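Note that the chains take the letters A, B, C and D in the order they are written out, and that residue 1 is the start of every chain.
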Amino acid sequence: MGVLDIAFLVSALTIAAPILLAATGELIAQRAGVMNVGLEGVLLAGAFAGYLTMTRIDNQALGFLGGIAGGLLLAALMGVLAIEVKVDQIVAGIAIGVLGTGLTSFLDQHFVPEPRTFTPLPRLSVPLLSDVPVLGEVLFHQDLFIYVTVALVVLAGLAMYRTTWGINLAATGETPIAADAAGISVRGVRWAAVLIAGAFAGAAGAYISIGDVGVFREAMTGGRGYLAIAAVLFGSWRLRGLLAAVTIFAVTDAVQLRLQSLPTVPGEVWGVAALLVAVGVARSRRPRARLIGAAVLLGLVALAVLRPQLTLPASLWLAMPYVLALVALAAGRASRHRAPSALTVPYIRSEA
Amino acid sequence: MTAAAGLIRRDRGMPAWVGRVVTQLGVAAAALVVAALLLLVIGVSPVDAASAFWSGTFGSPTNAGTTLTQAVPLFLVALGWIVADKAGRMHVGFPGQVVTGGCAAAAVGLHSGGLPGVVAVVLCALAGIAGGALWAGIVAWLWASRGVLEIVSSLLLNLVALQTLAWLVRGPLQGSLDRQPQSANFPASALWPAVESVPGRTLSYDVILLPLLAAGLIWVFARTTFGFELRASGGNLEAARWSGINPVRQGVTAIVISGGLAGLAGAALLFAGSAPWLSEGFEAGIGFNGIAVALLARNSPVGAILTAIVFSSLNVGGTSLQALLDVPSSLASVLQGAVIVLVLVAAVLAHRRRRAAPIKMKELVA
Amino acid sequence: MTTDPGPALQLTGITKRFGAFVANDRIDLGIAWGEVHALLGENGAGKTTLMRIVTGLYQPDEGTMRLDGEPVTFRRPEQALRAGIGMVHQHFTLVPTLTELENLTMAPAFLPWANGRSAARRKAAEVERATGLRIEPDRLVADAAVGERQRLEIVKLLSRGARLLIFDEPSAALSPGEWDELAKLMRRLAGEGHAVVLISHKLSEVFAVADRWTVLRGGAVAGTGDIAGTTPAELVALMVGESLAPRRERTPATPGGPALVIEGLTVARDSGATALDEVGLEVRAGEIVGIAGVAGSGQSELVEAVLGIRPVAGGTIEIGGRRLERRTPEGFYAAGGALIPEDRHHVAVIGGMSLGENINLRALRHAPLARRGRIDIGAARVRARRLIEEYEVRATGEHQPMARLSGGNQQKAVLARELSTDPSLVIAVQPVRGLDVRATEFVYRRLTEHRDRGGAVLLISMDLDEVLALSDRIAVLAHGRVRGVLDAADATRAGIGSLMTSSEVTA
Amino acid sequence: DGNSAGEKTDGVTNIGFLAPAPRNDGGFTQYALAGVQAAVDADPTLKLTSIVDNAAESQQQIDGLTSLAAKNKVVVADGAVLNKAVAVVAPKYPDTHFVLIASDLESLANNVSSVTVAVGLNAIVAGAVASNQSKSKKIGMIAGPEVPSSTAWYYGMKQGAAAENAQTQVSQAYTNDYNDVGKAKQAAEAMIANGVDQILSDLDSGSTGIYQAADGKAGTGVYNVFALHCDDNPNIIGSGIVNWSDVLKTAVTEAAAGKLPAGAISFGLKSGALSYQFCPGKGTDAQKALAEKITSQISDGSITPAEGVLLPKPSYAYEQR
């Protein structure tokens, strides 16, 4: 028995997928200059709308479409507030978070007083590939949502880095007046980005409810929206960084659930941590960071070898991914990729 | 000269002022209509709801005391945001700082049984300030010396603080009846004094912090070199540096002060409210709501007093709507969200009328 | 050139108000294909505002525009660009985090998945073939020098098919050599049938390239005509409404003790390369020392090192006979220094704060305006008003947000702030950038008076005429070394020029 | 002022209900609410006036209890986590009777009855049955937040499993949310991957996640708490029944009639509030006999509950503010 087995990888992937999709959408919106701190509410809207659709029309495809519509609805409210009325985006996001939580549970109590359960998305095996040992089981025996998420993230990456639209997007978030002067409709780009974020979050929400488990519960997204935002920020507004962040979050979460059922922390966990630190040390250029990293590395290796009867309370394990992320940020070299300059700044032409 | 620019705006002529009030009244009316419609959906009379809301918030001295006392932490967080924002540092670490401030205050408070009241109260407040400031200090250090954006680190630190609290109330600070994830009750001597004449003693003396700190902050920004240098650093960091200000020091100071205010808010939540113990959810969303309070008040300390009271009455009134009229909690939060959205829109519309938009000099390339 | 150029662009009765303030007052203006049209006027006369209207950034309150006889209204820049009107703004409209090629690619995308990079590369090549303007596609704009960014802006407009190009004070950011190139380009564009509008405060430039001129005064047209039939003095009189008193004769300098002594200063660039190599320099009280040199010879590193925001690898800096130990801007100012920086926008003004606060930015932190950390608001207001008056800053009052001032008036506010602190040493970098003629004269007079009162001035400028006109001694900086120090009396353009471009061999 | 607590008006006794969880949590809160509703339905003089749910934070709990107390004769506080809030509010409303659910505190105030069920006893039976059912001799429990009522299930299972087979290992996992289905699924999958083949779900709607994990791994048995959910999933073996509805119905009816004594009232195996039951067609005869044997051993005292199985009863002196 171990911690890092196949089921663990599958579990990490399932945890990661909705966060990754929502975070990718949010990344697009933030690159255009709109931050929605109420992403949690948008996820919930998607989760509930998908579930509501399922209770009316028992069809998973339509359920997901319903979820997307729900996400779009709240995202559109964000768009109206941030792009048209030009209110402060942070308050708007807070309001959207409150609204999303309140509305979904209110409507749930009203329209679906008797909770229903649906069959979750079935796992699909990719022929041949799913027979590859370990990797096949992990990568090619998943539900459709996970495949679609991967495809969408790849597409989003292509759109952001390989198309004119991606350039316009970056320009809109960085220097809107330059985009404006080049003939790009700042409003148009921001609206598109906000709606894409809404659709992605709606689909991710629908996965959390009808896709993964087939039920809806009040506030069932359990903070995944905040994690998605944290992933965008921690990833320095780049897709690669975002992927790394979501991986860290999902892996630690999956490890945490496993560690609780074990009496002590197994050596392999320390080993993996040591590996991560080693990679960090190898990449770091600052002598002091290397020194500290090496010391930590030594400690972890000692823990891995000695396997002391150590255990960590669950909540402290849950704090680990964020601590890790902070350490990584502090040790990393000051990146030139900073926040988009116009993030949360409404564009008013006469003031630019 | 207008050292108070941005805090106090002068308007020329009445019409703009009148227009603003008219707009705000209009939006208030819209908020009421939306609320009434929502209530009608579930078959609750809006008139009953209004009276339940009123009686729950300001209908009796007891309830008014509760409403005002609960406005204080919101206001403190709002001030924290204003200080950091004036220095150009956009951190969102208030939930975490409220939590760490509260934990530090609780740790001290739980052991201050033998101390005389005044000493215990002051010690707890100081511990709260220190706890919040220290947590903010991490954000400040990461920003100043490692170049980590404060919004990123503060967001991550919030999550760490919440988990730490979950651990503390199950581990070192656990001390409740029934082994619930709660601390023991704080000794009565450590609780902040309350106004005797209010029945139920719901009005804690810390409400005097509202006018005091608001006035103090306005004065600091407008009339002190410290406040001036802070605003200059926030206005244009490079220009401040080139003119002999140390904007990094100003930024660090601002973040730490704002963390201290949030930490004090954490202490106020625990020691001035009617629930004198540490529990997992004690932060109750005031970290983010405090930001909303500040932003809706357009970063004006005086405005923040009013918005904090409005927010706190939304919370308190929401609970009394549930208890008195059986309005579901979900609807109460829908109402809250709708009111925030409408107030936001009102603020912007009123502002547009004034035609004196704040300037974000987003320089282009040069 | 066509036989009958006709009015390419005809403005009739254009009026623009900001609140109660009238920035453009019933302006009539005709611009023909094939001409370079100079738009002149004092700071705050409304030139930029008018051109922003022409390019769709602002909407006029009144008036009409006709392009080739057809009435047009532009509600956003794109519409103007489609009609062939483009503008190179004083502050470029480029995205610093993108590469030059990506900045060219940036355009409304009809197919979201299209990648316009290769098309943009082709267009850039076409523009290069037609005009000789060359960009470096894969360089980040943030890494490009100012002149290179300007070139990119022009390429951007040309590749988008602009036929009427507007340049807002283009030379302010350029070295003389770069200006010459730009001037040639403008002539060539006009020769090919384009129309060019040039906003400039330097009459020498105007007379070198323009065919026609229009002068704005107080937001209204004060006159228009052919360059051939006018003189600089006439234009100046139109702009300022009176003729300027001739510059006073310079009295010879009477230098005192050393105010700034730099010895063996070695400083690295951001990239790590050497910017200054064992530079030695002395500025004495009562003299103006000019530093001549092409852009990038180490001037900005010198300023930053003296100010104390750039680490030095070796050497000493003394101000007022005292060696600066912990070098910080605070120390520099405390030692009696003052600085008029080159990059006003980024490092000198705080756009969100009021004019008064900007003028008092340094004074507010010490006695007499502040005592024990407390500010005397009344005194501060009085001081700000006095300086606004004295330095002729055009503003609605000391409360006006700095960002709402015209470029030249922002510069005047910076001058007021720096020269009013009674400094012993003034470092002035391009001090008249963006200033109109009268303000330029005013600044020159101020610097000279400062010298006459026994102050020291270090003048750093890319404009050789300015250096020659103001300096008592001239140090020539090239490739991070001082190539020679000349007495102004002996200095000639040719002599300095040969030192400026001298290679490593001569030392 | 508080002392004018809701009296009987027109012979009607008003009842208020406050819970930290959502009212439709598919578990603890919902069963309790059903019990209150049953009491109200059975007696026309009782009226459930308002429900305050989602009161997650102490201050809000106090505010809610205060508002309810002013208007109702009986106030049900549904969850031990409300104990402190009740201790604050109850003394101010001596005419209102507070029924604090799932707490066994003796003396909060003389108008407070702490009503609880010794769930840990049931856990002993469930642990023995699960241990017997387990092939891998690894069983587990998944709960929401780590609170005494959840850990009681763990310790009880441990004791029961040890009684059946000393080799059986018992593991525990907490998702920190009774209703997070996704987390529950992950936790169950993790346990199954570690070889656990019998899982007890001390979750509300989160249980669905455990069913789904079990579906993916044939032969995994699931045990519910509170009620039988046999129709929800074929893997369900049985349930450690905790009849909250009956307990609440009794408590509310007595409280309304003024017959519920103050202090702690604990329901156990004898009252029928607790019982272990198999799903139809599940459980061997030997297992059924085992369950009966353990139950009677607990009842006659030959099995004494180990530490952590019963809720703690600290002596506690509340200092009023």
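Definition applied: a residue touches a chain if its C-beta (ideal position, glycine included) is under 8 Å from a C-beta of that chain, and two chains touch if they have at least 3 such contacts.
Chain identities (UniProt): A, B = ABC transporter permease; C = Sugar ABC transporter ATP-binding protein.
This one's a predicted model, so the numbers in the text were calculated from it and none came from an experiment.
Of all chains in the assembly, those touching chain B (ABC transporter permease) and also chain C are A.
Averaging Cα atoms per chain gives one point for each, and the point farthest from that of chain B (ABC transporter permease) is the centre of C.
When the interfaces A-C and A-B are ranked by how many C-beta pairs touch across them, A-B comes first.
Note on chain placement: the centre of chain A (ABC transporter permease) and the centre of chain C lie 46 Å apart, centres being C-alpha means.
Averaged Cα coordinates give chain C a centre that lies 76 Å from the centre of chain D. Distance between chain centres (mean CA atoms), chain A (ABC transporter permease) to chain B (ABC transporter permease): 28 Å.
Taking each chain's centre as the average of its CA atoms, chain B (ABC transporter permease) and chain D sit 37 Å apart. Multi-chain contact residues of chain B (ABC transporter permease), defined as those touching 2 or more other chains: 166, 170, 328-330, 359-360, 364-365.
Residues of chain A (ABC transporter permease) found to touch two or more other chains are 105, 108-109, 175, 177-178, 218. Within chain D, the positions touching two or more other chains are listed as 22-23, 54, 146, 176. Pairs of chains in mutual contact: A-B, A-C, A-D, B-C, B-D. On chain D, the positions that touch chain B (ABC transporter permease) within their shared complex are 1-2, 16, 18, 22-23, 49-64, 67-68, 71, 80-81, 83-85, 87-88, 92, 103-105, 145-148, 176, 311-312, 314, 316, 318-321.
For chain A (ABC transporter permease) in complex with chain B (ABC transporter permease), the touching residues are 37, 77, 81, 85-88, 90-92, 94-106, 108-110, 175, 177-178, 218, 226, 229-230, 233-234, 313, 315-316, 318-319, 322-323, 325-326, 329-330, 334-335, 338-339, 341-342, 344-345, 348, 351-352.
Those residues of chain A (ABC transporter permease) whose C-beta lies close enough to touch chain D in the complex are 1, 5-8, 10-11, 14-15, 105, 108-109, 113, 115, 117, 120, 208, 212-215, 217-220, 222, 253-254, 257-258, 260-262, 314.
Interface residues of chain B (ABC transporter permease) facing chain C in the complex, by the touch rule stated above, are 1-3, 5-6, 10, 222-226, 228-229, 231-232, 235-236, 238-246, 355, 358-361, 363-366.
For chain B (ABC transporter permease) in complex with chain D, the touching residues are 56, 60, 62, 66, 70, 166, 170, 176-182, 185, 187-188, 191, 194, 199-201, 269, 273-277, 279-282, 284, 315-316, 319-320, 322-326, 328-330.
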